[in-house]
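Okay, so chain A shows up in both of these, paired with chain B first and chain C after.
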Partner chain A sequence: MVQGPMEPSLRSQANTTEATIEVNVNVANFSTFERKKRTRTEKRIVELKATLEKTFEQSVMCNLYPRTVIQVDIHVLAQDGGLLAGMTNAMTLALIDAGIAMYDYVSSVSAGLHDQTPLLDLNSLEENDMSAITIGVVGKSEKLALLMLEDKMPLDQLESVLAIAIAGSHRIQDLMDTELRRQGNIRASKMTQS
Partner chain B sequence: MILSPAERSYLYDSLIQKPTIRPDSRAEHQMRPLEAKTSFLPGSNGSARIRLMDGSECIVSVKAKVVVAAKEANLIECDVDVVGFRDNSNFVSNLKFNLTNLLQQNFPSDYLRLTSKYSFKLFIDCIVISHSSYPLTLISLTSYLALKTTKLPLLVSETNDEEIAELPTFSDDWDNAKPIADYFKGKGKEFQPPIFITLGYVGSNLIFDPSVEEEQVLENGLIVTFYNNKVITPIANMNLAVNSNNSNFKGLNQTAIIKSIQMGNKFGGAIIRALDALIEQDDDNDAIF
Partner chain C sequence: MNVSDVISITRPTPATIDSDVDMSDDESTQVKLSIVTPGEMVTDDPVWMKGHGTYFLEDKTYSSVAGNISRVNRLLSVIPLKGRYQPETGDHIIGRITEVGNKRWKVDIGCKQDAILMLGSVNLPGGVLRRKSESDELQMRNFLKEGDLLNAEVQTIFNNGIASLHTRSLKYGKLRNGIFLRVPSNLIVKSKNHSYDLPGNVSVILGINGYIWLSKTTNSSHNKNMTVNSNANKINASGDPSYVPGAGSVAITRLEEESSWEIYSDKNDPNITNSVRSNITRYNNVIKALAYGDLGITEQRIIMGYEASMAFSNVGSMIDKDAMESICQDVINNEKMRG
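For the complex of A and B:
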């Protein structure tokens, strides 16, 4: 859920030149197979939140909304791998839906390396077993807005993994674009009818 | 403060009329329109989402786990999470206590017993994504839907394990899973989880499900519990306008409590019937969007 751009609750939070993006990540207790209580201050969640904030500070045209806060609440209801990728894509779509100006899509996907074979979009079993990176690509370029590696990956293999991940992200961007246009057309037709 | 003194006075005067005049032209016993979806979470035994027309939204998931019954104090555990409030804040603790207390006291958890040793334990997690009025009714209606649509896997091992100590085994086929209601039918009982109804009291009128504007001018708020086609305890009163100094707030006349029980008995059944109809009409389309 995106709220804003709005007046910040504390004046000290306001940045006179650009908007502040504030992300709240809420991973539900029941999202994984085994129910587990999570707190908002868990290290991993704090890191995800900071990663998302940094990524989108670059992709949103923050200079258009000075002295405001854009607050994004993310609820993870079910997860089976690709947590960060899913959150990034959802946040891109939500920001676009909220009509906030962005330079381009940020599309994200995870990729792993099994022996010599790069694999795209791992589920949680695969994620536990092999090293995985999550990348976020800006638009159709090969620019990375986000790169997250939680374990190790051999440097000589990194390029092939990145290649498959970038290709995957471009595909996801196409899918997001089609869906957005479809939803947009539905709304436009509703407006003309009424 | 969401209303100016003039607006408060106008709203208060219209609410104390006989019959009451509500700003959205609802009748005194009418709830706000809502939209619901059930069984959409793939990893939960039961789930439901309710959205109200003012943008309030609540998601409830029910997850079951096999536990050793003797080691558990309660076979039901509830958790409430409200966006924008700390988990240990008064507001959230109150909601959580109300819901936990209600279900632990009025849910016949004997029916969750699998064998003499093992039992199901239900974890009910509620997330209130956004709310404007006091969200207790919203949470309890959503948990009603979630519990009603909860499916538990079919037990294939023996129910009597006094001699042989074995873990219960279940059918691998999820299509064989049975809703909780079926466990009750075998024992000749209808399964109907309890719900909360919030009522506002203003100038000897009682109004169902007050909206956020109405909450600001209420003289008192009542929370009534409805279970098995009648009003039961706990019946509580509270100031529904949280974080706002409600200047109209005053003590509760005892006739209001009697009237609230009468109204609850009269209209509570209709709410339950509406929710049941909603479950039946819900299509099997898994998407929640």
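For the complex of A and C:
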């Protein structure tokens, strides 16, 4: 859920030249297979939050909204791998829905390396088993806004993994775009009626 | 995939004349498909000036929001389908005081930043033409305090995007005797008048920012003139020999003074009948239903929705999904019948 651009709660938060993006991540206890208590201050979650903030600071046109805060609340109700990728895509769509100006979509997908074969969009079992990487691609370009590698990956294999991940991200961007257009056209047709 | 077709259609052809011809050729497709999404190239012709919702890179203009393209002469902008309310001078809006500051109130009007209501741009007790003194500054909280709702007009937009409001008219001011609700601001259709009296003794103010105020109808505008007249009559009747036409104005200013304090009172009207209360909630739910169905909210539609809602005897049951859908359907059917 996106709130804002809005007046910051504290005067000190305000940046006179551009908007501040604030992400709150809430992972539900029941989101995984095993019930597990999670706190907001858990290290992984704090890192995810920081990563998302950094990613979107670049692709949102923050300079248009000076002295405001864009607050995004993400609730993870169910997860089975690709947590960061899912959150990134959801956040892109949420920001577009809120009418916030962005340079381009940020589409994200996770990829891993099994032996020599690169794999796309891992579930949590696969994610735990092999080295996984999550990337975020800006629009249809090959520019990366986000790259997260939590363990090791052989450098000579990295390129092939990245290639498949970028292709996957482009595909996801297509999917998001079609859906957005479908929704947008429905909305626009209603607008013309009124 | 048909995405590529869509993109090719939405791109405006560089020459304006051509695009006009295109529009007249197949207007229906134009209307249906004229949506762009962020990062989509709008045009690669550098003659277009970039407006809101676009950005410019290497002689190409791209869209930065999802919305419709609008062209005004050479200016190309994309209007987002949904988004924050953007204030414009002259908008009739509803806001809530968030902060009392130095000679000004801060008002939440649902836009990016809080608007400002200067002490100098409100009607204070004691007539319109009155200087604001220091004592007024000290008792600002007596007029409007945090959490109060008011309706106002946008006076100007400062260059940093903050709106400045004014309430210098009898139709603006503090709100009482009613209920507040908010809907997405894009559903409110701009029109000349934004306050309506509805059947069932209920008035509505549709703020352009999507804030709506439903309240009991007060026949204040009629009443005031009536009392002024009766006062004048009284003066005449008392046969005061020194009566001159100017003396009537004294009575008016005094009346204004009294009524002005009333403008800022916090007391609700004690005798709002139960039927009015239930009508207000009924309208509240009708508007919620219209917003749920993504229908633009106009006076006509609210009345039609109200009539349709009579099928539900229990006002509370109207916010069920099915009920809201059926109300929207009724409104649409009704509109089709009337043409």
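Observations on the model:
Rule of thumb we're sticking to: the second predicted complex is superposed on the first by the 193 of 194 C-alpha atoms of A that agree within 3 Å, B and C clash if a C-alpha of one lies under 4 Å from a C-alpha of the other, contacts with A are read in each partner's own complex, and residues count from 1 in each chain.
The working rule: a residue touches a chain if its C-beta (ideal position, glycine included) is under 8 Å from a C-beta of that chain, and two chains touch if they have at least 3 such contacts.
Just so we're clear, the structure is a prediction, and the values are computed from it rather than from any experiment.
Chain B and chain C, once both complexes are superposed via chain A, clash. When chain B and chain C are set side by side, the one touching more residues of chain A is C.
In the superposition on chain A, A:122 makes contact with neither chain B nor chain C. Residue contacts after overlaying the shared chain place A:105 against chain C, while chain B stays out of touching range.
With both structures placed on the common chain, the touch criterion links A:166 to neither chain B nor chain C. By the touch criterion stated above, A:96 is placed in contact with chain C alone, chain B being left untouched. Contacts of A:61 after superposition: chain C is touched, whereas chain B is not reached.
When the shared chain is aligned, chain C comes close enough to touch A:178, but chain B does not. Looking at the shared chain after the overlay, A:27 reaches neither chain B nor chain C.
Stretch 274-282 of chain C is the one among 76-84, 274-282, 292-300 or 328-336 that clashes with chain B after the shared chain A is superposed. Common to the chain B and chain C contact sets on chain A is no residue at all. The touching residues of chain A, when paired with chain B in their complex, are 1, 24, 26, 28-33, 35, 37, 39, 73, 75, 77-78, 80. Of all the residues in chain C, the ones that touch chain A in their complex are 1, 3, 6, 31-35, 37-39, 53, 55, 62, 64-68, 80-84, 98, 108, 112-114, 160-161, 186, 189, 294-296, 298. The touching residues of chain A, counted against chain C in their complex, run 4-7, 61, 65-68, 96-105, 139-140, 174, 177-178, 180-181, 184-185, 187-194. Across the interface of their complex, chain A is touched by residues 41-44, 59, 61, 63, 65, 79, 81, 83, 87, 123, 125, 127, 129-130 of chain B.
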